[in-house]
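Dropping the structure in here first, questions after.
Going by the order they are written in, the chains are A, B and C; count residues from 1 in each one.
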Amino acid sequence: MSVLRLRASRGSVAPTGARGVSLVRAAREARTDLRLVARGWRWGRRPLVPASAVSSTVVTPRPPFPTAWARTPAVSAVRDVIQAAGLVPLMRRELTTKVGGLDVLTRLRELGDGPVVFVANHASHLDTALVLTSLPHAWRRRTAVAAAADYFFDTWWRATGSALVFGTFPIERRSGTLSSTPQELLDDGWNIVIYPEGTRSPDGWTQRFRLGAAFLAVSSGVPVVPVAIRGSFAAMPRGRSWPLRGRPAVTVRFGEPLWPQDGEGVRELGPRIEAAVARLHDEDATDWYAAALRAATGTTPSTAAPAPPATARSAADDGPPTSTAVAAADEPLSTWRRVWERTESPDVRRPRRVWRV
Amino acid sequence: MTRPGLVLEVDDRTPPLLVHEGNGFRLEEFPRGTRVLYPPESLPAVPDVEAAITRALLEPIDSEPLPQLLFPGMRLTIAFDDISLALPQMAAPDIRQRIIEQVLTMAARAGVNDVELVAANALHRRMTAQELRTMLGERVFRSFYPQGKLTNHDAEDPAGMAHIGMTDHGEHVEINRRAAESDLLVYVNVNLVAMDGGHKSVPIGLTSYKSLKHHHNSHTMMRSRSFMDHKASAMHHSAWRMGRVLKDHLKIFQIETTLNNDCFPSTYAFLQKREWEWSIRDQASMLAARRGLSVAPASLKHRIFQGIRAPYGLTGVAAGEVEAVHDATLARVHRQQLVEVDGQSDVMVLGVPFIGPYNVNSTMNPILAACMGLGYYFNSYRGKPVVRQGGAVILYHPVEPAFNQLHHPSYVDFYDEVLSVSTDPAVIEAKFEEQYATDPWYVHLYRTSHAYHGVHPFYMWYWISHALDHCGDIVWVGGDRRAVERMGFRSASTLQDALAMVQGSVGASPSITYLHNPPHLIADVR
Amino acid sequence: MRALEIYRSAPRYVAARAAGGRMPGLLVGAMAPVRLVTRERPAPSGRGWAAARPRLSGICGSDLGVVTGSTSLYFSALSSMPFVPGHEVVAELLEDCEDLPRGTRVVVDPVLPCAARGLAEDGDPCVPCTAGTPNLCDRVTVGHLSPGLQTGFCRDTGGGWGEQLSVHRSQLHPVPDDLPDERAVLVEPLACAVHLARRAEVAPGDAVLVSGAGAVGLFAVLALRELTAAGSITVVAKHERQVALARAFGATDVVRPSAALGGVRRTTRAMKVSPSGPGAASGGLPEVLARTGAGRSAGAAEFLLGGVDVAVDCVGSTGSLDLALRATRAGGRVVLSGMPAPGADLSPVWFRELTLAGTYASRGDAFAVALRLAASAPLDGLVGGRYPLHRWREALDHAHSAGRLGTVKVCFDARDRS
């Protein structure tokens, strides 16, 4: 082995003759060229158009990043391994996760093995990993995640990575129209995770749901499984790339599937989904029956913003109202208070804390 | 939608730009503020070429339809542009083949027996049989070549030339006898650049030294501003005068074609694109090509570049009376190639590419490189030159003193003997032209081998006389130092050095314009 | 006295012959059959001889030929080892020599004919000597001197590359006082050139080709311009300084060796023919052959039909002679000035009925003309190197690549002991 290496190095490095010299020169030239191109064409960064050529340059939309490869059996198997051996232990180490409502999936399977659309609120990059690791293995391996084309599929390495690890596929959020891919995936029997808010919430509160998920459900006739995720904003909000220390608590709760009814349109199903996710949040924070009661009376707490202070005082009796809260009763809630409320982790360790205290 | 030509201004966001240099190219980072002229994108090609040709022949401009000009017992001669066009060579089938096949089909239908085809190569080298076969196709070649009815024009055949008359300026008009004595001369042209076509076709393509020297001389060339605009070119004026003399003696049916700007096949797509629009794939193939070329032996590089066949699309074909046809042709050429430029600049930068009109399947020797850069590209303007009077021209080319002995025997002697005595076109003309033009060996090689005529290198040198007269400094980047100096220019190893060298005439921060050529462009300088 | 001598050494001769031309390092290194020795002062018996001290002595191409072993063995019978080389000599007499007083500066006509060998006064000079062509003397191996065609190849006379030599009155030409040594040392080669110009028999207006622009070639140009009414003189020169000098000496065209045939063709408007025919110039078998010596002697190189009236080979290499033969018109004259190497293709001599003319040394009034030329011609700076004897390795190396180094003539100055 060492002899071989010695020979090889002598042959290629030692500039014994013109050939050796020319090899060295060729390598140097190649490096110069490569540097010139890498700098000139801004490898790894955005391509730029010279200012004087902007008006004459047609920006051709890039074709969607191909992700079919990521759903082939072989790559799925690799992903299985990555998720089971990497993602699941990692999530367990970094987070305290409570998963609820998985029985809806069992019951769905009794009805057949058609695909479903999971609809979840979205406050953190943790959400996808949370949903996927919460799903039973049989479900997880047939689940793909809709990810923003302009973020996750912007560069080849991010696109490849997320498609490999999470089974993401690109979805165009700017134009509002879905590319044809999710439809095809459903037809192929893949479950889909969609975040109808379109983006991560800036303050942890749910934003307006868009109608893409409802549209998919209606056009493909598949059920929508609402998913409520609590605590992911507190654990890893926008701007963080790793969860907080101390295994913050998060909960994932799956709700009853919503079937598109006969004659039900996108505009009817959409609000139903939004309401179902809100009810699920309520259920997760309190209990199933109380949430059902509140849903029946239309008093499910909003997930879009905290309740006004007055209501809050009567509903939740934790601590006396402050004078500022009273003073601000009729103004919109300030941003810090919205964020403040959502940065509190859900209380999944309560029994233990009782024991401690 | 075809995008028009563009004048780019180099800024910090501009990637390095591609510059041709002989059998290779380099990436150059131009100083900020450099103007770069890009030709318009390729115009859409005519979808049905055959139908377009038929229509042009049946509905000619200012002429009877071709079938009406054909009758049994007539003498029909078809002349066509030689291999100096198009550049790079056109991917088969050549447009000349498609037109000549239709013309011959009509002639056969009309019962014309006496048909001859002649390549209008003037004092260019004779085309080889293989080149004729490739250009005109197997059918045409097989029907005419073995019978000696498909020939190259021979300007030195005393029996083969006919003196037609004199122009009112006292210029001899002499053309190929067969053509002159035909009932109809059909001329098939490829109008690659605005210089070609019109009365440049017959009165120059089929003529002799005697006639050529009236306009191919340093004096006339100096006053041709530029060759791309026949109304401002003294050379074209002379040709036009000759054409008008010819018109009274000979029925000419002119067929002119125009091509779009698709100069490079898809393998070299990056050569055709604007750099900032290069995809990763373009960048990769450019890098791969650069690496490959740097290790390839010269002969392989030569083969690679000479092997490029351009997938030109036809943008139009017109037939009929010479001048009327040419007007229509020029309009199309201009639409494809004109780039509007605001004002002249101090420095003009040119990359001399691997091919010019006179080194098809051959070597671009120093004289041809000079002619390509300072003759053709420098003159590729309308109005006034891109560079101001007294400005500097910087060219890229290896300028290897390598000559093709078969094609350019007189160039070797011109380089060794003439250029070492003088580089002044007028001096050279007075002292040497006659000798070279009448040298029996050159004449012999021109007639029997595949050599350019003895006088041809002089014409190349006259082509550049306008540039020599107009420019203060001419510097070659990356050229063979001795060859560059032999031609009376200066050489630099980098653009920065070249700019430093021309500081004397243009100052420390000159305005620079780079002609991003090919694809072909004409700078319309306002 | 100290002198450089060339001695007989078979291994050195073989080694020099094998590698001398290609590897000058060897030639000036251990393998040259040259050595610096202290030897007896030369004292030939017989009348008319006198001792002289060389002031400058040039290194000639033929000297280098002997050192590198490239000279034909033909000449081995015409020299006597060990000898002190140096036949381009300007010297001063150390004793009176008949009518010339001691101290006279002289140049030496090196040929050693009957007169110098004591055969003339015996009343039995050879036919050439009687006919006034002593340079062609038949008796260069007999008489009271050892064999030796010239001073500088003869054991008994000594040569210019030593501190002293013997000269015969018949060899001597006094140098005018106003002619400096550096010009006087060029008189001998100039005399050869004068003789060459006469042997060339140039008719008025003739086109002449001079192949080679070393000292011989340059002086040939000078003499041809001076003594003949030649029309064009085309000179084949390799190096930059040679080009300039050739022009200064009267060449109308100066061409590089690679462009020589083409240049001649242009000036004479001849037809050029390549054995493969004009249509197959690219890569055909003859083309490949022509690049090799074997191919050239097989006749694969291009040639002219037509060409110069007179060609002069001033190099003596196969290639140079080949060029001269191929560039000369039918019935023309080819003059051999350099010591010719074997291997040239003589087909043109037969087919074109060429006249081959040799030119060796000089005779008649050549020295008188040469002395005049030496005074008037633009010869300043031609001696580009003066070396003391003990730096002979440098001197020979310099002389060997004189053309490339822009030097025309390298000399020994035996008086210099520094």
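Keep in mind that, in the parts below, a contact is a pair of C-beta atoms (placed from the backbone, for glycine too) under 8 Å apart; a residue touches a chain by one contact, two chains touch by 3 or more.
Just so we're clear, the structure is a prediction, and the values are computed from it rather than from any experiment.
Participant: Taking each chain's centre as the mean of its Cα atoms, which chain lies farthest from chain A?
Facilitator: C
Participant: Point out which chain occupies the most central position, where each centre is the mean of Cα atoms.
Facilitator: Measuring from the global C-alpha mean, the nearest chain centre belongs to B.
Participant: State the pair with the higher C-beta contact count; candidates are A-B and B-C.
Facilitator: A-B
Participant: Indicate the whole-number Å distance between the mean C-alpha point of chain A and the mean C-alpha point of chain C.
Facilitator: So the centroids are 95 Å from each other.
Participant: Distance-wise, how many Å sit between the C-alpha centres of chain A and chain B, to the nearest whole number?
Facilitator: Comparing mean C-alpha positions, chain B is 61 Å from chain A.
Participant: Counting only Cα atoms for the centres, state how far chain B is from chain C in Å.
Facilitator: Chain centres of chain B and chain C, defined by C-alpha means, are spaced 53 Å apart.
Participant: In the complex of these two chains, what residues of chain B are touching chain C?
Facilitator: 404-406, 409, 412-413, 416-417, 435, 439-441, 444-445, 448-451
Participant: Taking the complex as given, what residues does chain B use to touch chain A?
Facilitator: These residues of chain B touch chain A: 3-4, 6-11, 13-16, 27, 29, 274-278, 283, 286-287, 290-291, 294-295.
Participant: Show me the residue ranges of chain A that touch chain B in the complex, using the header's touch definition.
Facilitator: 22, 26, 29-30, 33-34, 36-37, 40-41, 47-53, 56-58
Participant: Using the touch rule from the top, collect the residues of chain C that touch chain B in their complex.
Facilitator: Touch residues, chain C against chain B: 253, 255-256, 259, 262-263, 265-266, 269-272, 278-279, 281-282.
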